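In what comes next, chain A is part of two complexes: it sits with chain B in the first one and with chain C in the second one.
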Partner chain A sequence: MFKRLLKRELLRQWRSRQDVTNPLIFFLITVSLFPLAVTPDGELLASISGGIIWVSALLAAMLSLESMYRDDYRDGTLELLLLQSGSPYLVVVAKIISHWVTTGIPLVVISPVLAIMMHLPTHAMTALLSSLIIGTAILSLIGSVGMGLTVGLRQGGVLLSLLVLPLFIPVLIFGASAVTAAGMGLEYSGQLAYLGAYLAGSIALVPLASVAAIKISIH
Partner chain B sequence: MLDTHKLILQVNKLGVRRSERWLFRNLDLKLSSGEIYQVVGQNGAGKTSLLRCLCGLLPEQEGDIAWQQDDEMPIIPLFYGHLPAVKPELTVLENLLYHPINGNFYNGDVIEAALHEVGLGAYFDSEARHLSAGQARRVALARLLIADSKCWILDEPFTALDVKGCTWLEGIISSYVKRGGSVLLTSHQPVSLDVELKVLEIVEDMNSHV
Partner chain C sequence: MTWQWFNRLTSPKSYFDITDWLLPPMLIISVILMMVGTYLGLYDSPIDYQQGNTVRIMYIHVPTATASMFGYVVMAIAAAVGYIWRIKMAHMAALSIAPVGAAMTFLALVTGAIWGKPTWGTWWVWDARLTTELILFFLYVGFMALHSAFEDRELGDRAAGVLAMVGVVNVPIIHYSVYWWNTLHQKSSISVAGKASMPVEMLTPLLLMMFAIILFCTAISMYRIRNEILDRERDKNWIKERLSA
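For the complex of A and B:
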């Protein structure tokens, strides 16, 4: 049951690869513009690279949120999925997982390349990867609630950012500070633990909130 | 075979409001198996709202809707609305394969048979974006044939279908009702079925209307 829902989502994403590559290209471009605009000086870049990569990843993930429910809402699939799938929670969870796999994971995968370009100290690489893995999962989860609420609106983009950004801020703070701490050779497990706690909390609450949000939008 | 004259849906004193305006109030309806109702009313009277409300897509402001139990599970109606819910990027076959109907997914054989029945036998592997509006509606109609549901809720099912398609759909609905299925439908064009078609007219206060 769940497998087919997930397969449906992944197949759809695969068929519309353009939408999936857009955030990646955005991520690539924003990060690579910083050395041009600020300075190519390695020492300065190394100290700010963690923050830059994190901010760009967050914005790229936000860009891609819209594709989560929009198309399904417009062609009537979303309401049928809620009605006929037996459990709307499975639908939402399948969508979140597929969003994370198609947006979050690719961002994590290309981030080491950008990190090298930004002179991020190599001993901070593990911190960057692990914080981004957890962070992008949280972004997909929280974004699903925001997107569920705004999917029925014609110009929901600005409202979506206003709704989800405050919830993303803690993720950004802990994620970027984990990378900075690791760059200075300090312990960063505390920040990761906070991210993990945030992730666990989101996993527990987001499916309920997303389904409620989508129901409001459909009415 | 479904057994006949079993109560499927009972609606008591239902009222639906769109912002400040009541579309209708005090609507009573009893739908049993083997019965078909056509919901009629002017544009904007609330036909679609009523059907969506019965499916649970719109909250009711008054009264209650009780779907009866079937094998200890409340009956889920099959809703066929204005939007076909066909994904343009998936093929016709995938559209049905990966779309849950009645809480279940169905397998290739049933789907292929249904697609032949709706006249899309030659389009299994073409992407739905290449289909015409009428063909996309036919993909959605195939869902009615695939699932063994106790109740169909059809909102303007004849839209975008050609003349032959309309006659075919009327035949499908008639035989479904004869088998004991129950149907609620709206339609702006005359429907000719070989079963008794009951009419439910929507007016603002159903009490004042007999």
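For the complex of A and C:
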């Protein structure tokens, strides 16, 4: 059952490809705005690039959250899925995983290119990739709650960021500081451990909240 | 039998009966205590050997900060109770606490900034505790924004309730942030079990203010619940009878 749900979700994301590519383009554009606005100076960029890439990735992933529920909610598929699959929990988990695979992973994959453009020190690359992998997964999880709560609302978009971003701040702090620490040649496993703990806690608890949220929107 | 008082509080009508005589003295006592606490704190307490008179901001800052976190926990518990047992009154309580808690968070942030300027030399630092208190403010705002975005009030109750429960994760983070990151903000000087690291003349007004402000917030929130009931149940007969009497 879960396999079929997951396959359906991945197929759906694949067929609406601009939902996958738009966040990536947004990510590229946002990051490239910073050298224009702040400074093209390589040394200064190197010191702030970790944070910029993290914030931009976070915003790009936020934008893509809509695709998780919106279409299925509008045409009534979501309601049927929740009713007929027998387990709303599995539906939500399948959506979260497919969202992460189709938006989180691509963001992580193109981030090294941006990191090089932003003069991020090469020895910080591993830290950037590993922290982003965990961070995007947490965002897909937490975002599913926010999206579940706001899917039926007209002005959902702005509200979504108001709900999700505060919860995501701890992740941003640890993620960006891991990259900064690695850039200075320091140990960063502590920050990664915190991120991992946050991820473990989210995996355990968030799907439950997400199910509750989506049930309210379907009512 | 033991749950009878709870059942009575969850019925809007008996809530009105109880709060009719409970709330006015509660509010008056809290205001008197606040005045006494302010007097003791601002005039009749010793100055700090390092900070001088600026330490007196503590008597406002610490109680409002405590109330802001305490308020969030109570709001989340109320939301959870309302969500699990579908008790309307609990949802109304959560909704009524939110603006009061947000106001306390705002006060704690502002007094903290005023205190930070003379002691740290800056209004704001991106320190763990300040940032998490700011997040707490956003959570309160998000709760109210989400609730008002729903046209159907009861749906809004449940949706905002889920958000409140998810956001409660932040409260322990605020509390422990000072131990984990250990930055500019000092650690707490009072603890339940251990001995407080301040003289009695300072501790008394501080505890008095904490009690007074929490009592004040409780009273204000309970008044807000009354207004919420009036608004939601204005078509019910008992309210009409009450208002015409």
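Rule of thumb we're sticking to: the second predicted complex is superposed on the first by the 219 of 219 C-alpha atoms of A that agree within 3 Å, B and C clash if a C-alpha of one lies under 4 Å from a C-alpha of the other, contacts with A are read in each partner's own complex, and residues count from 1 in each chain.
Everything that follows uses one rule, which is that contacts are C-beta pairs under 8 Å (C-beta built on N, C-alpha and C of every residue); 3 or more make two chains touch, one makes a residue touch a chain.
Keep in mind the model is a prediction, meaning the values are calculated, not measured.
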Touched partner set for A:Val20, first chain B, second chain C, both or neither: neither
Chain B versus chain C as contact partner of A:His219, first or second or both or neither: both
Chain B versus chain C as contact partner of A:Leu149, first or second or both or neither: second
Chain B versus chain C as contact partner of A:Arg12, first or second or both or neither: first
Partner chain in contact with A:Ala209 - chain B first, chain C second, else both or neither: second
Touching partner for A:Pro166 - first (chain B), second (chain C), both, neither: second
Common ground on chain A, meaning residues reached by chain C in one complex and by chain B in the other: 219
Interface residues, chain C side, partner chain A - complex: 83, 131, 135, 138-139, 141-142, 145-146, 149-150, 155, 158-159, 162-163, 165-167, 169-170, 173
Contact set on chain A toward chain B in their complex: 1, 4-5, 7-8, 11-12, 15-16, 71, 74-77, 79-86, 218-219
Chain A residues within the chain C interface of the complex: 142, 145, 149-150, 153, 155-156, 159, 162-163, 165-167, 169-170, 173, 206, 209, 212-213, 216-217, 219
Residue ranges of chain B touching chain A (in the complex, touch as defined): 55-59, 76, 78-79, 81-90, 94, 97-105, 127
